[in-house]
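Just so it is clear, A, B, C and D label the chains in written order, and each chain counts residues from 1 on its own.
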Amino acid sequence: MKKICAVIGSRANYASIKSALISIKRNKKLKLKIIAMASSILEKYGNVSEIMIKDGLKPDFMTHSLIEGETPKTMAMSTGLGMIELPDLFERIKPDCVLTVGDRFETMSTVISASYMNLRIAHTMGGEVTGTIDESIRHAITKFSHIHFPSNIDSAKRIIKLGENKKHVHVVGCPRIDLVKEILKDKHPSFKNIFKTGVGKKIDIQKPFILMSQHPVTTEFGKEESNIIETLEAIKKTKLPTIVLWPNSDAGSNDISRGIRKWRENNSSENFYYFKNLNSRDYIQLMNLTKCLVGNSSSGIREGAYIGTPVINIGSRQESRLMAKNVLSVTSNRDKIYNAIIRQIKNGKYKSNSLYGNGTAGDQISRILSRPYPDIQKKITY
Amino acid sequence: MKKICAVIGSRANYASIKSALISIKRNKKLKLKIIAMASSILEKYGNVSEIMIKDGLKPDFMTHSLIEGETPKTMAMSTGLGMIELPDLFERIKPDCVLTVGDRFETMSTVISASYMNLRIAHTMGGEVTGTIDESIRHAITKFSHIHFPSNIDSAKRIIKLGENKKHVHVVGCPRIDLVKEILKDKHPSFKNIFKTGVGKKIDIQKPFILMSQHPVTTEFGKEESNIIETLEAIKKTKLPTIVLWPNSDAGSNDISRGIRKWRENNSSENFYYFKNLNSRDYIQLMNLTKCLVGNSSSGIREGAYIGTPVINIGSRQESRLMAKNVLSVTSNRDKIYNAIIRQIKNGKYKSNSLYGNGTAGDQISRILSRPYPDIQKKITY
Amino acid sequence: MKKICAVIGSRANYASIKSALISIKRNKKLKLKIIAMASSILEKYGNVSEIMIKDGLKPDFMTHSLIEGETPKTMAMSTGLGMIELPDLFERIKPDCVLTVGDRFETMSTVISASYMNLRIAHTMGGEVTGTIDESIRHAITKFSHIHFPSNIDSAKRIIKLGENKKHVHVVGCPRIDLVKEILKDKHPSFKNIFKTGVGKKIDIQKPFILMSQHPVTTEFGKEESNIIETLEAIKKTKLPTIVLWPNSDAGSNDISRGIRKWRENNSSENFYYFKNLNSRDYIQLMNLTKCLVGNSSSGIREGAYIGTPVINIGSRQESRLMAKNVLSVTSNRDKIYNAIIRQIKNGKYKSNSLYGNGTAGDQISRILSRPYPDIQKKITY
Amino acid sequence: MKKICAVIGSRANYASIKSALISIKRNKKLKLKIIAMASSILEKYGNVSEIMIKDGLKPDFMTHSLIEGETPKTMAMSTGLGMIELPDLFERIKPDCVLTVGDRFETMSTVISASYMNLRIAHTMGGEVTGTIDESIRHAITKFSHIHFPSNIDSAKRIIKLGENKKHVHVVGCPRIDLVKEILKDKHPSFKNIFKTGVGKKIDIQKPFILMSQHPVTTEFGKEESNIIETLEAIKKTKLPTIVLWPNSDAGSNDISRGIRKWRENNSSENFYYFKNLNSRDYIQLMNLTKCLVGNSSSGIREGAYIGTPVINIGSRQESRLMAKNVLSVTSNRDKIYNAIIRQIKNGKYKSNSLYGNGTAGDQISRILSRPYPDIQKKITY
C-alpha cells in the first residue's frame, strides 16, 4: 500500500485536486494524507480547510506559513517559512509520493522540501504556458517532478520537450472538470443558502446576471487597484446585477481588495453582491447560468470550456493558455471590457468542449499513482 | 550603471565565480554587491568570507542560514531559512541582476527569492547533466533564470532545448579555468605556508603524492561512511603520501567527516595530511603536481581537463558530466579504485583540453552583464 | 556619541514612544536608529511606518514578521520570526542601547535578540500590573532590561521589588502624555480631514458623541465576537452618534473585526463611523471632546487621566492598572455598559490628573540615555 | 489524567530532568510527552536523543532548531527558529502543563511558545543566581512560569521575592541528585566500555586522575580559546592522567572546541583522553573517583556537593551559585588553577552535603504535577 501526501495551499489549489483526492481516498492500494497550509487555513481566504472537512477530506496536518504583507517580498518569505515547516511533516508522514498542484508561489515549498528529502513528486497541470511568475514556477516544478499529470495534450508535449521521460507523462484532463461534470448532474440547483454569506444586494439568479472574478498579476504589482476599477465600471455600465468574488492571496491581492472595497463604498446602491468564498458547487452552477464571466480566473478557460460559459478574459494573467471559443480576451480598459461583455451576452451559451478533460481525471490519477513508481534519481532525457 | 548582486553559499561556489566577480568589480558600467550565506561564512567549512576579504571581494552582507544537522531534512529547512533572510537583503540592495552559481541546494534560496521579487537572474554552469538532486536543482534554476552562462557547448544546447531563448545563452567557459590559468603562470610555486593549517604528517610536495577530495552524494545518504573508507584504504595500499581535503556542507558530510576521523584514529601512522580548506592557489598547484586526484570533486573534471591532471572519479556524483581523457571513472570499491590509481600513475600527466573554457569566462560574463537585459517576464520558447 | 535603536512593533507602540524618539533625535549626544516591524508596517493595521515618515521619524529598517492567523499559535510563531530577523539588523546597527516599549507579544523578539547579543536594553512602561499574557511579558522584559522608565511611582516600586537596581529605575511619566500636552495646546482643532478615511455615517464632532476602542484579550480567546456585540448594542441604545476604532493585531483581533463587520451589516442605518486608524492628534482631540470613551484601551486610563475623559473600561484587559477617577470599570454586559455610559454622560468631564506623567517623559528619557550606562551583566539585587 | 510535555534542548538539560521524567512516566495520573530539540538531537553534541531512547524515554517529537555559527547572533536566531517549530507541536500535543528546565538560551523558545499559547508552565532550577545571560533568562522564565521547582531553599525565597505565589513554589532539590544517588548504589562500577568512544590515550581509572569540563561563558565571548588553554596547561603541569569533556552548544563553544583541538595537536603525547559525550552513569562514577574536577560545569557544585568531589571552579560562569565546601573558585590563570588543583588533591574527598537535594526531586515533581493546577492568568503578588 502506497502513502500519498497531498499538500493544499489555497482555495484554487483544492478545487483543482479535489476529485483526485476523493479517488485516492477510495483506492484500496493507496493511503491519503493531506497537509493544508498557507492561505488554505485562513478565514480571510475562505477557510478552505473547513470546506475540506465537510467534503470528508479532513487535513491531517495544518500549518501556518503565510507572512502578512502580500508583497513580492513576503511571498518569497512565506515560501521559505513553508520550507521550514513542511520537512518535519514529511518526516512524520513518510509518503511514497507527494502530490502537488499547479503553479502557485507556495507550491515551491512543497516541491523543494519533498525533492531535497528524496521523495517522489507527482504534479498536476504542468506544461501549460501563462504570464506572471507562475510561468517559471510551473516549469521548474516539472523539473523536480517524477510523475506528470498535464490537463491537455499540448501541455504533455511541452513537458516531454522539457526533458521529462514520456513514460511518466499522463494526459488525464483537469480534475476541476470532474467536479463540474458531477455538479451539473443537478439540473435544478437550489440557491437558497447562497446569500447567507457575503454582503451586498441580493440577486435573482434566475434572471440575467454577470459573474466577476479577478486575481492579481504578480508582474503588474502596483497597477492592481486601477485595473479592478476598470472592470467594475465596465460591468456597472451593463446595468446587470453582478456577483463579485474576492481575490485569492497573492502579492497584490490587498490592492484588489482595497479597490473593490473603495468602489463599493461609492457604489453601494448598485445591484452588486460580494462573496469572500463560494463553495465550488454554487460557483459552477453560477458559471452555468451567468450571461458572462468577467475577470482573469483560469476557471473561465478550463471549466468554462466544458460548461460553455461566455467568458471575458482581462489582461495578461492567462496569456498563452489554450482557450476554447467561449473566451474573449481583452486588455484592462473599461470600454473594451464593456464591448466584450455586450458581445458575449448577444452570443449566449457555447457548446461544451473537452479541451481540458472529460471528467475522469481524478480516477486516472488515482489509478496511475497505485502503479510502480519511477526512480527517485531523475535524469534529463537529452 | 547596473547593480549586480552575487550570492555566495559555499567554498565551491566562490571558486566557481571568483574571476567573474573580479571582472565585474573592475567594470565601470557595473556595481558589484556580494552576499555571503550558508556554509560560506562558517569556520567549520573553511570560512570563505575571510578568503573573500583577502581577495578584495569583501561581502557586503553575511547571513547565517544553515540549520545544524546535515540531513536531507535540514538541507530543505536551511534553504527555507535562506528565503526568509535574502528577500530583505535584495530589497535593500535593489539589484538589476542577481548572479547565482551552479546547483547547490541553498542556491534555490537565491533563485526563488529573486524571481518572486521580480528580479533578473543570471546563472552560471547551467545545462550540465549529473547525478544527485543537483540534477533537478540545476534545470529548475535554468527555468527561473534570464541570462545563462553555460561552461560548454553541450550545456548551452541543453539549455536551449529546455525552452530558453538562445539570445540569452552565452557559452563563456567555466570561470574556474580563469583562476587556473592565472595560477599556473607561477611556474615555481612556494608551498612553505601550506602546512600551517591542517593536521597530520607533512608531505614533500616535490615527490609523488596523491590528492583526495570526496563529497557526499545526496541520493546515497547513509552509505557515505563506508564509501570514504573504500577510498582511503585504496589510497593507503599505494603507499604514496596523501593530501586529504575535508568535504563541504551537504546532507551526509557529517558521515564522511566521521569516516575520515575514525579512519585517521586507526591509521595515524600513515603518511596522510588533512586540510579543512585550501586556498584555490595551493589546490590548483597541487592538482598540477599530483600523480592522481582521487574522489568525486567536479574540479577533477573541469580544472583537471585544462591542467591535464590524472583523475579517478568515484561513484555517481559526476555521472553524465562531459569528461576529457584525463578522467577514469570507477565505482566505490577499494580494489577498483586502487587499480585505477595505478593506471593513472603509469599514464602520467595529460595534455591540456579547453572543454571547460580557455580562461576568459569572467571577462565575458562581466561584459555581457553590462549590456541591455531581457524582459523580466519569461516565456518558454515552445 | 551613543547609538540608540528603538524597535516599533505596532501603532500603540509608536504612540507610546514618539515623544522620546523626537527628543532622542534632537539630542546631540545620541544617534537614533529606528526599526519598524510586525503590524507597524502593514496597511491593515494603519501603516504606522507611513505616519512615522510624516513625523520625521522614518524607520531605518522595516521587517515583515507577522505570520497570518491571529491566533495564540501564530502570535508565538511571529515572535520567533522576529527573532530570526532582528539579530541581523542589530548586528548591522551595533546599538549602544536598544529601546523597547511596553508589553506587546512581539516585544519579546526585540528583548531576547538584544540580550542574547549582549546589548543593553532600556524599557518603558515596566512595572505595571494588568490582565492577559502582557502581565508575564512585561515583568519578564524587566528581568532582561538594564534601564527602566516606568510611567508612575507604583510601577517603579514594583520594578525595584523585582530585584532591579534602583539606580537604573527612573520615573519619567508616560511619553503618551507628552503628546497629549502638545496636542491640547490647539484649542480649536479642525476635524475637516478626519472623515476622508474610514467608512460609515459622518458625525458632527461639535455635538455629543461616543468614542469606542476595544482590543482583544488574549486569555479570553474565543469570546471576542460576542463581547464586541455587547459593547456595540449598549452604545446603540444611547442613540448617540459613535466613532468606532478598529482593533490592533493580537490573537483574537480577527474575531473582533468580524464582530464589528457583521454588526455593521445589520446596523448600517445607525449613526456610526468606523476608522482603521486615526492619527494621534485627532484621537486625543476626540478624547477631549467625547462624552464617553467606551472599550478597553489603555488610552482611557493613561491619557484619559490627564485629559479628564469620562471612560468606560470593559472586562479584564486593564485589570489592576492604576486608575484615576475618570474611569468606570464594568464587565462585558450590554446593560451594565449602557448604565455606566449614562452615568459618565451625567458626570461630564473630569479634572486633569498627572498620575501618568506631566508631559516631559520624552525629554527625561533622552537625557538619561545620554548618561553613562550600567554593566551589560545583570545581577538580581537579592 | 494530565498530559505533561517536557522539552529537552541539550545534554545538560536532560540530565537535569531525567529522574522527574521517569517518575512522571510511572505516575498513573500523568501522561508524558517529550520533545527533543536544539543540540539534543545532534551527534556533534552527544546525540542525547539516542541516550533517551536507551533510557526508555524516547522523544515523541524531534525538531532541528539550531542555526550553525555558535555566535550570540545565531543563539538568538536559533531561539526564534525554535519558536516557529514548537507551537505546532504544542498544538498537536495539547499539554496540560509544559515542563521546562533551567536557563539555557533555547529554553526561551519553550517558555514563550507555551505561555503565548495559554499553556501552564512548570520550571525547575529557578531562583538561582549566576553570571552570564543565563541570569536574566532564568528570572524571566520564573515570570512566565506557574509552578516552580527550585533546587534549594535560597532559590525558593528568591522566586517568592520575584512576586510569585508561594503556594506554587516547591523546594524539591535538584533532580540530578536523584541520578547520583541511584548511580552510586553501584559500589564497583565497570569502566570497560568507557573508552570505546572518544579519542586519546586511555587512562587507568583506578589510579589518580583529573576530570575536566569547561563550557563557554556568553559574556566572555572572544576569550574562550585562551581561557581553555590556561586550564589545559595547569592540568598538564600536574602530570596526572586527565579526562577532557567536550563543551556543549553555546555561543563560543566553537572557540573552546578549537582551543582543545589545537592544544591536543601540540600535546598528543600527553596522557589525556577526550570525550564528546559520556553517559551520566560513567560521569558520576568518574566524579566519585577523580582527585579533582576542573572547569566551570555546574555539576561540580550540585552533584559535587552530594558526592563530595573536590572541585576547581574557574571564572564567572557559576558566580553567586550556592556552593558547599567542596568547591574552590579561581580566575582563569594557569598558576592559580594549578595551585588550586594541588590543594584539592591534598584535601581529598569531602563529606556528602544535601544542599542541592537528597535524591527524591523527581518523585516530588511528579506528585505535585498530578495535583490541581494554578490559574493560567498569572498576577504578580505585589
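In this text, a contact is a pair of C-beta atoms (placed from the backbone, for glycine too) under 8 Å apart; a residue touches a chain by one contact, two chains touch by 3 or more.
Note that this is a predicted model, so its numbers are computed, not measured.
**Q** Report which of A-B and A-D is connected by more C-beta pairs in contact.
**A** A-B
**Q** Going by residue numbers, if over half of the contact pairs line up, that's a repeat, so tell me which of B-D, B-C or C-D repeats A-C.
**A** Matching more than half of the contact pairs of A-C: B-D.
**Q** Roughly how many whole angstrom separate the Cα centroids of subunit A and subunit B?
**A** Whole-Å distance between the two chain centres: 40.
**Q** Nearest whole angstrom, what separates the Cα centre of subunit A from the Cα centre of subunit D?
**A** Once rounded, the distance between the two centres reads 52 Å.
**Q** Pull out every residue in subunit A that's touching 2 or more other chains.
**A** Expected reply: 73-74, 77, 81, 84, 88.
**Q** Can you list the subunit C residues touching subunit B in their complex?
**A** Residue list for subunit C touching subunit B: 63, 81, 84-85, 88.
**Q** State the interface residues of subunit D toward subunit B in the complex, per the touch definition above.
**A** Contact set of subunit D toward subunit B: 39, 41-44, 64-69, 71, 73-74, 77, 81, 199, 254, 258, 265.
**Q** Using the touch definition from the top, list the residues of subunit D that touch subunit C in their complex.
**A** 72-77, 79-84, 86-88, 90-91, 105, 108-109, 112-113, 115-118, 129, 131-133, 135-136, 139-144, 158, 161-163, 218-219, 221, 251, 320, 376-380, 382
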